[in-house]
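In this document, chain identifiers A, B, C and D correspond to the written order of the chains, with residue numbering beginning at 1 in each.
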Amino acid sequence: MSKLQSLKKAVETIADQSTLALGGNVLHRAPMAFVRELARQEKSGLKLVKTAGAHDIDLLCAAGSVATVDAGFVSYETVYGLPPHYRKAVQTGMVKANEHACYTVISALRGASANVPFMPVSGLKYGDLIEHNDYFVVVEDPFTGEPVTLVRSIFPDVAVIHVQQCDEEGNAIIAGPKFEDVLMSRAADRVIITTEQIVSPFQIKQNKDKIDIPAFLVDAVVHVPGGAAPTSCYQKYDVDEQPLRKFLGLKEKQEVAEFIKNYERKDYQQERGTRVW
Amino acid sequence: MVNYRISDLMTCAIADMLEDGETVFHGVSSQMPMVAMHLARKLHAPNLVHLNIPGGVNPGTVKQSSYSSAGADLVEAGESYFPLDQIFDLSMRGKLDVAFLGGVQFDVNGNVNASVIGDYHKPKVRLPGGAGSAVLIPTAKKAIIWRTKHDPRTFVEKVNFVTTRGNLWKIITPLCVFVFKNGKLQLDSIHPHTTLEEVQAQTGFKLIYDEIRYTKEPTARQLQTLRQIDPYDYRSTEF
Amino acid sequence: MSKLQSLKKAVETIADQSTLALGGNVLHRAPMAFVRELARQEKSGLKLVKTAGAHDIDLLCAAGSVATVDAGFVSYETVYGLPPHYRKAVQTGMVKANEHACYTVISALRGASANVPFMPVSGLKYGDLIEHNDYFVVVEDPFTGEPVTLVRSIFPDVAVIHVQQCDEEGNAIIAGPKFEDVLMSRAADRVIITTEQIVSPFQIKQNKDKIDIPAFLVDAVVHVPGGAAPTSCYQKYDVDEQPLRKFLGLKEKQEVAEFIKNYERKDYQQERGTRVW
Amino acid sequence: MVNYRISDLMTCAIADMLEDGETVFHGVSSQMPMVAMHLARKLHAPNLVHLNIPGGVNPGTVKQSSYSSAGADLVEAGESYFPLDQIFDLSMRGKLDVAFLGGVQFDVNGNVNASVIGDYHKPKVRLPGGAGSAVLIPTAKKAIIWRTKHDPRTFVEKVNFVTTRGNLWKIITPLCVFVFKNGKLQLDSIHPHTTLEEVQAQTGFKLIYDEIRYTKEPTARQLQTLRQIDPYDYRSTEF
């Protein structure tokens, strides 16, 4: 059963105020084409979840689409520096930053994948994060009486994951580091795959040991070559430095809109429904 | 006398902190510790276990990590795959020996701030966040912080916000090495090119020390190996 | 750093009263050579942990080595029937059966792998297992006030896992289903690998994407071809029906000892320290 | 009229309970449901997702599962890998449609005993245990139990021990199909070769029913397909 969908159609299924888990990590394999289309469709109130985000979170903050960000770290890496749009959005009160240890995002997603309301976290013992955030609470372990910190589970409505290879049914293969993507695919209510390449049933069969996300977990497959750019996509392309640097310097809403518009041709290249194997 | 830069000194000093057989983790934006771990493996600590976010155990090279210390190159060059979530679990189980972490503000009591300046919910400055710090500093046996800035706004009497504290062991800066001992951040050594006065002038709390030691200079062998393993000078990325 | 050890030496490191997680599942890839050597060395008071066990648990019960069994299911599959020695040991009070849902064993091991004292389990809602076992407790979720069942974490002292391929340093590859073995390797304090084959550094490098247990988690590697027999080992051998059926019919302690002794030649074939690549 | 055995009838009746597109799980010692799931996929439910303990999603054949329904053959013949721990998680999330489970004793109130006869801590008979039942029967949308024994000790007024209860949907035996409705185990259909009197005589509680329906006989197409997909007759293993 083919689950192929156009980028536009797939993004249309995302309701405002949705909780979205975004795949990849910092400058790597972020589902940028999908993120840009979220901005184009002027989604609002999105709740973003990721251990360590960069351009994806920064762009959606710049577009005004975000209500909250649950993450352990939001920043471009050293050479690119800090995420100006995210910082501004948080500092002006537009966006609420729910700071986690990266691990507590993982724990909260593990909680969702097992459908439990919280997960215990042994490492979170000290500091103001526990005090200031209502998603952490310290309770008494009923077995030993010792204090234990719990993190409230985060239940993503949708996980959006960019991969190198996927068949039409949704069997998805991530080359290189998987980051939290596999976990996200198990934690989210729906899974949308954007993929560099649609591979044939024969090809996927030859590589079945490498399938990270089996088809039956996947709701939609979107064919977007270059869909992680300007972040990197292992075995396909490295970061695209020029647009990244450009984006960091943008100030006006209009400039951001133009930046996103400039990707339209690339992001929509498969929209004509051509079947590419 | 050997010729070296401050980034070389810091990288070698970090490598010297690592012992053979230890399990050691670095995160994103961590080129300097990444190169230092690789240096230690090449010289005195061949059985050190190098762990990182993308999951490449003991990458055979770090030469491709140009702009990122969390890229696929570390997996490609790695000998097996052990990703972030499991590294955290490992630390929770008390089996991570050393974690390298960042931070923006540090105080004399060993508190780390990587979160905000100002009110948490309406911050004056939103910082990137502590990443793994809040669970790794309490659980890794030894947490090492490196920071390429050393000024009175970085080292303060009391941090704005306590992202975490715990098993902080050392903090290395362009001026000195602090050691966290008896609940206080104390001067461990100052780098050869600086003076106690300069370090004090750049530090927002009164320095604690019993004697003045100087940080060991890089050896010729270390510098030579550094040039081989880090020919593109990623160790200086933050300078 | 080679971690090669003889079977005898590796088993000598197991203290009486240890908690042991045994790899494999029912009739497949159980670490039988190790289990037999535990019996030969007359270990006692062992606490066994496994989702679904069969010959391994049955044999150690027959040998009188077991104090408790934490499992969801203990039985040979249909054609072989029920585990006579385990049943007898439990019914006479020699062994305490801690019945779990298989999932709560998994949850309890996940708890150990994250070093938390318990794990919430959403599915365990009804029935007498909750009442009769002190490792389950129902508490109030501090976030929602709803009841939630917790299972106490199980911290194995040692995980014993039989694999098809391992190098001398401990990089281990499981062919076919992994069952709970990978989780066990993360939950236990120590990991002992028994392996069909010791592979060279070059071979392991060629197959590094398949490594399930990285060397740094492994404490000892024992070379035991046939080490899962008479249970199956995928790609190596299928169940050995004759000894299985014979064992099921044994009644006397002496018969059990003989049955175990009969495996000595096979179990010790690598003891002479020959290096086999 | 077609010629079939009771194991054929049970297998086909189970297959008929499954709908296209459903996610369906079976465990160990479960040859009959395993074959039934495969039959359903071959005939009316090509998009049924076949899940099992070793983790082979939609195995293309079940012909190698001679003595075990938890063997590596299901992974080898599978189209992807999705192992037991994740199947449990799936069910917890409400995404497992059907789970096949066993049990030794069942009562009119839908309670299942797979644990003990006698005292839990000092049992007269220690049973194999409920395996996944205690978490799957409450969470799978529909739990189906098959049992090749139907006698008054199996179907009782009150079980010795409640291993679990929950979303029990149907129980199929060599004599009949029960359906769990309005909190009671009710007669859904009796098999063509038996009578209401026989079923009642073999059942330890008073049968509840409004009308007598007969279980649908296997079709010629089902039997023919069964012979192809299960040539070694694993479906009859328990007979």
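General remarks:
As a working rule, a contact is a pair of C-beta atoms (placed from the backbone, for glycine too) under 8 Å apart; a residue touches a chain by one contact, two chains touch by 3 or more.
Computed from a predicted model, the values in this text were never measured in an experiment.
Touch-path distance (fewest steps) from chain A to chain C is 1.
Chain geometry summary: the mean Cα position of chain B and that of chain D are 57 Å apart. Taking each chain's centre as the average of its CA atoms, chain A and chain B sit 28 Å apart. Rounded to whole angstrom units, the spacing between the C-alpha centres of chain A and chain D is 40. Among the residues of chain B, those in touch with two or more other chains are 92. Touching of two or more other chains is recorded for residues 114-116, 121-122, 209 of chain C. Pairwise, the chains that make contact are A-B, A-C, A-D, B-C, C-D. Against chain A, in their complex, chain D makes its touches with residues 23, 47, 49, 57, 78-82, 86, 89-90, 92-94. Contact residues on chain A toward chain C in their complex (touch as defined above): 107, 111, 114-122, 137, 139, 141-144, 146, 148, 150, 152, 209-210.
Listed in rising order, the residues of chain D touching chain C in the complex are 27-29, 31, 53-56, 67-72, 74-76, 83-85, 88, 91-92, 111, 115, 120-126, 128-136, 138-139, 161-166, 237-238. Here chain A touches chain B in the complex through residues 25-28, 51-52, 71-75, 77-80, 82-83, 86-87, 90-91, 93, 96-97, 99-104, 106, 121-129, 132, 175-180, 183, 232, 234-235, 239, 241, going by the rule given at the top. Partner chain B is touched in their complex by these residues of chain C: 1, 112-116, 171, 186, 205, 208-209, 211, 214-216.
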